[in-house]
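You will see two complexes here that share chain A, one where it goes with chain B and one where it goes with chain C.
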Partner chain A sequence: MEDEAVGVKVTQVAERKAAVAAWKRDLLRLVPVLRWLVFQRWFQFALIVPNLLAFTIVILSGIFGIPVGAKNFSIIFVWIVWWALLIVILVPFGARVWCAMCPIPAFGEWLQRKSFVSVTAGGVGLGRRWPRRLRNLWLANFGFLTIALFSPIVTTRPRVTGLLLLGLMAVAVVAHLVFERRAFCRYLCPVGGFLGLYSMAAPVELRRIDAEVCRQCRFKSCYRGSTQESLQVGGVGGYGCPNFEFPGGGMERNTYCLLCTECVKACPYGNITINVRPFGTDLLVEKGWKLDEAFKAFIMLGSAILYSVIMIGPWGTLKDWANLGGWGFLGYAAMFLGSILLLAPGLHLGVSALLRRVSGARSVPLSEVFVNTSYALVPVGLFGWIAFSLAFVLPNVSYAVSVLSDPFGWGWDLFGTKGYPWTPYAPGLVPYLQVPLLLVGLAWSVSAGSGILQKTFGEAEARRAALPLTAYLIGVTLVFLALYLG
Partner chain B sequence: MRKERLLVFALAVFLLGAAATGFAWVRRPAPAEREFEITARQFAFDPPRITVNLGDTVVLRVRSADITHGVYIDGYGIDVKIPPQEEAEITFVANRPGKIRYRCSAICGPLHPFMVGEIIVRPNVPLTGSALLAVAVGAVALGYAWWRKEG
Partner chain C sequence: MRRADVVAAIVVFAIVVVLPVGIFAYQFREKPHPEGVREITVVIHTFENGGFQPSRIVVRKGERVRLKLLSYDVTHSFQLLDYDIDTDLIFPGQPTVVEFVASEEGTFPFQCNVKCSPSHQNMVGQLIVEP
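Take a look at the complex of A and B:
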């Protein structure tokens, strides 16, 4: 098939020698079944429906079930099972693949499109453009920080969990009805922000194959959606990127890609695919380094450290305060917010000033050093989160077996597992799993940091600054080690 | 030259740390019996952290100050339930250095999964060892990054 108007020789992805870098592999060519699935219109719907069912049980059990967290489906399945899957497997290996199957924006999106599966021309809603000033992660950061502040409540009270998810769904519906595309996922979702940050580390990416094909493409279906004209050339029909990305225009990072694969379906030339690649490739992509993302890195790293102190540490007074314990809560809130919003960025600013001074690259603005080097915290933060999560997931995940049979705590025994006893899995081994994880995160951060410094300062200056940056990253790792082993 | 200096520095830190750890290990006190009174209440043990020496026989007298709690000691397979206002005595030999976590094993309220106490068994070789490893890993990762760029 040939599209003479653009002079592009069009072939199918499967037949084409992928024009991707040698260290990437076209996953859709390697796994034909995945390719077939991705090109089915019902693919995302099929991913969402089981999760929607699970979330419905979560909301119902949260609101109407037993108020004891350890015996309620909502707490165990959201904060232990889902969380463990998300942070230990889905994000590190699958980038934002959770977003492709997330049920929270589903109702809003179905309403907006007036369709569950097929591509429709018009839908419901005002279709307003998201305000320019808010086109960043600050609202998502604020949302995450608010939930994080109350997490000792949110993660232990079924009703709060149920209402939180219901509330997020309601906000998503409103956002879809007022604004175009998935404004909720891009700018509001408190989970999406950190998924985007850590998905840069993942070994998968959705990217265009051949930049020249996209340059000559007159449809831009990956952003605008399929049209009758584009469908005559190719593609199975898809919406323009729901998350305001432009894959054909040179999307270079995973940060805002939901892996919904609409662009893969929409592209008339089969020029968009999913690659496997080395871990952490996006961390060195300068395009997009911004202050809101930098703060997301501080929020995530700071939260992992603070939760390790408050939740899995032995200090009862802190737990009492965090558990809405009178005036003490104010002290806890001041400590939590102060550490994340002042102490962590302040420390990083000091380190950035030191790096700039040591490097001798005084012409590089301090703000640039501050933002750029924050991305070196991504691996150490991600692995810090995995290490923290293991410390409460392994001892408590066995509750899931009994809760599965009695999700509401009403005495049911659906699968005969209600009486399954609490069984901490490998509790004595947790520290020995945490240490290697933290060391891998450290090595990765040092490696990424070295590359980031080079892009920030230039080669010779970066060499001078690498040692203090490494010392800083070792310091962060030592904090985690002291909390888990000391 | 810079790379060599980094490696020498990292090696020096590592060796000094290893020597200090080895010294602490060799000079560790003879095992003894150590008794502790611990109060369990929602959602903490008091005192939150106790310190013993490797090989000590540890006797914990745990009293529940409010509702039924439990004590499950990670890695030791000990699980004891303590009814309200009652006391349980738990005896074990601290035969592994480092941090031992113990946790409430009877669902006692919202923060039950986070009701933990800590026993530090000295010399804390896992901590010092992993800290030394962190320095070594950081240095090696940096050296590798430099070497890769030169390559």
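Take a look at the complex of A and C:
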């Protein structure tokens, strides 16, 4: 058995070369320092610590600090700084790398493992399996929608922000103590769902190097975790995938990979790595296309449009309603939920029926067209979010300099920057950034949509359906342009 | 427990226990008064959200008093006219400090002089100077 394993290990070198030869580049080989870091047990803990520090201050300042959003660390650092980093940099370029450093599930996971850093055999908790019927994104979608509905409150009231983060941490702890692995991150986290959706567009991926090595592997440590036996063959020791993925079994999308790198550490053959690759590779991976993810695409796209209307649009009454303005809130809630849960899917269903009809591929079920083509909305949605975020991040990020010195609004001046005035950065430049961003998103969506149509209908039929899909995507982009350019 | 876990546990303890305790201890500690100054922080909300906190300030006659006035919501001001104190606007997050010697015994009203909310007229408090 051990000879077999050694044989596999030897062939892996040649296979690795073949696998990365074409268009992927093995990042862990390109950057030796990153490789060294990834193989350290303390690596993820070191990523979490600065964020735990920041989130602790966010929770304390949110609950006990000044209730004025612009003067409170929690609002400025969560909804301006963290959000901008997440949507403009981390997700488009780093997939779900935020999940690797997120402090929200940290306490739950440390308790569950009874360890901060090292690999332990037993932990705390019931270790129950997550209910089969809930193994999807619907609960995360519901959570996101609930927060999104109240976002004008959540993003401006420090106490609500602080309590929300504390509440999420509490839910995560309970989930870790009742269920196995990071069930919270996979099925409950309201942020994780959209990170997964948009991380498909990112130019990095964690994948196995050689499928044959994994087929012959008898340990499956990337899923089960390291054992004494597997460690005798190789690896530095790691837990099985906390997010229920099986990298060695053919994980082909970033959607549920948290980039925690436990599988890289656990693999006895060094057969799992992190690659750089062309943007958007996963959008054309059919395996995993599902209705819950399709709805996540509608929710995200719809939210970006509606936020643009409510938060930066000229309709003050609507903004008042959204701020729990009496009975008007019910009208706002009906509009918000109706647009996202009925209008957007309804429109997409109509477009799907048209695509199916125009393509002539009547044998393809409408439901399949509906789900598959929803992934074409990912780039336009992502760039819509980036464009929307620029509209409030650039004018308001200067508050961060001031609240850094006085996070609680108590009159401190820790770094001498408390008096830094509110300075909107490049306000006149924002539309000139938004337009090209939206056009890039459109072009990318059209390109991805073309590939998706080919996979759904076949080449000739896809050509016929390309025009209406392109018109649909142009329509979506025009809505954003109309909102931003007036 | 391995050494790395012990170090990690210390780091986590420092962040979630020592840091918050340190923050609150620093903010709410008894301030030293090397110059014999009594410092009192007055947090100001709109009347609907609590008004002046504290709204009753008690000092001893002859004490040098330093009031740190901190608005927690909208723009306010602070008038203690019996002691010739009438601040400029007090913006949220920008504390204003006033200092005076409580030279006269008695009860003196103070108020906000900016229409800060519909119930602005109730934005009053008392300075009590005891013998």
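Here is the rule we go by: the second predicted complex is superposed on the first by the 469 of 486 C-alpha atoms of A that agree within 3 Å, B and C clash if a C-alpha of one lies under 4 Å from a C-alpha of the other, contacts with A are read in each partner's own complex, and residues count from 1 in each chain.
FYI, a residue touches a chain if its C-beta (ideal position, glycine included) is under 8 Å from a C-beta of that chain, and two chains touch if they have at least 3 such contacts.
Bear in mind the structure is a predicted one, so any value in this text is a computation, not a measurement.
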First (chain B), second (chain C), both or neither touched by A:Gly409: second
First (chain B), second (chain C), both or neither touched by A:Glu262: neither
Per-residue touch tally on chain A - higher for chain B or for chain C: B
Contacts of A:Glu245 with chain B and chain C, given as first, second, both or neither: neither
Chain B versus chain C as contact partner of A:Val68, first or second or both or neither: both
Contacts of A:Ala443 with chain B and chain C, given as first, second, both or neither: first
Chain B versus chain C as contact partner of A:Asp282, first or second or both or neither: neither
Touching partner for A:Trp422 - first (chain B), second (chain C), both, neither: first
Residues on chain A lying within both footprints (that of chain B and that of chain C): 68, 70-71
Chain B contact footprint on chain A (complex, rising order): 68-71, 152-153, 156-157, 311-317, 319-320, 323, 392, 395-396, 422, 424, 427-432, 435, 438-439, 442-444, 446-447, 450-451, 454, 459, 463, 466-467, 470-471, 473-474, 477-478, 481-482, 484-486
Contact set on chain B toward chain A in their complex: 2, 6, 41, 43-46, 48-49, 72, 74-76, 96, 98-99, 101, 103, 105, 107, 110-118, 120, 124, 126-127, 130-131, 133-135, 137-142, 144-146, 149
Residue ranges of chain C touching chain A (in the complex, touch as defined): 1-2, 4-5, 8-9, 11-12, 15-16, 19-20, 23-24, 27, 68, 70, 72-73, 92-95
In the complex, chain A residues that touch chain C: 41-42, 45, 49, 52-53, 56-57, 60, 64, 66-68, 70-71, 110, 115-118, 402, 406, 408-411
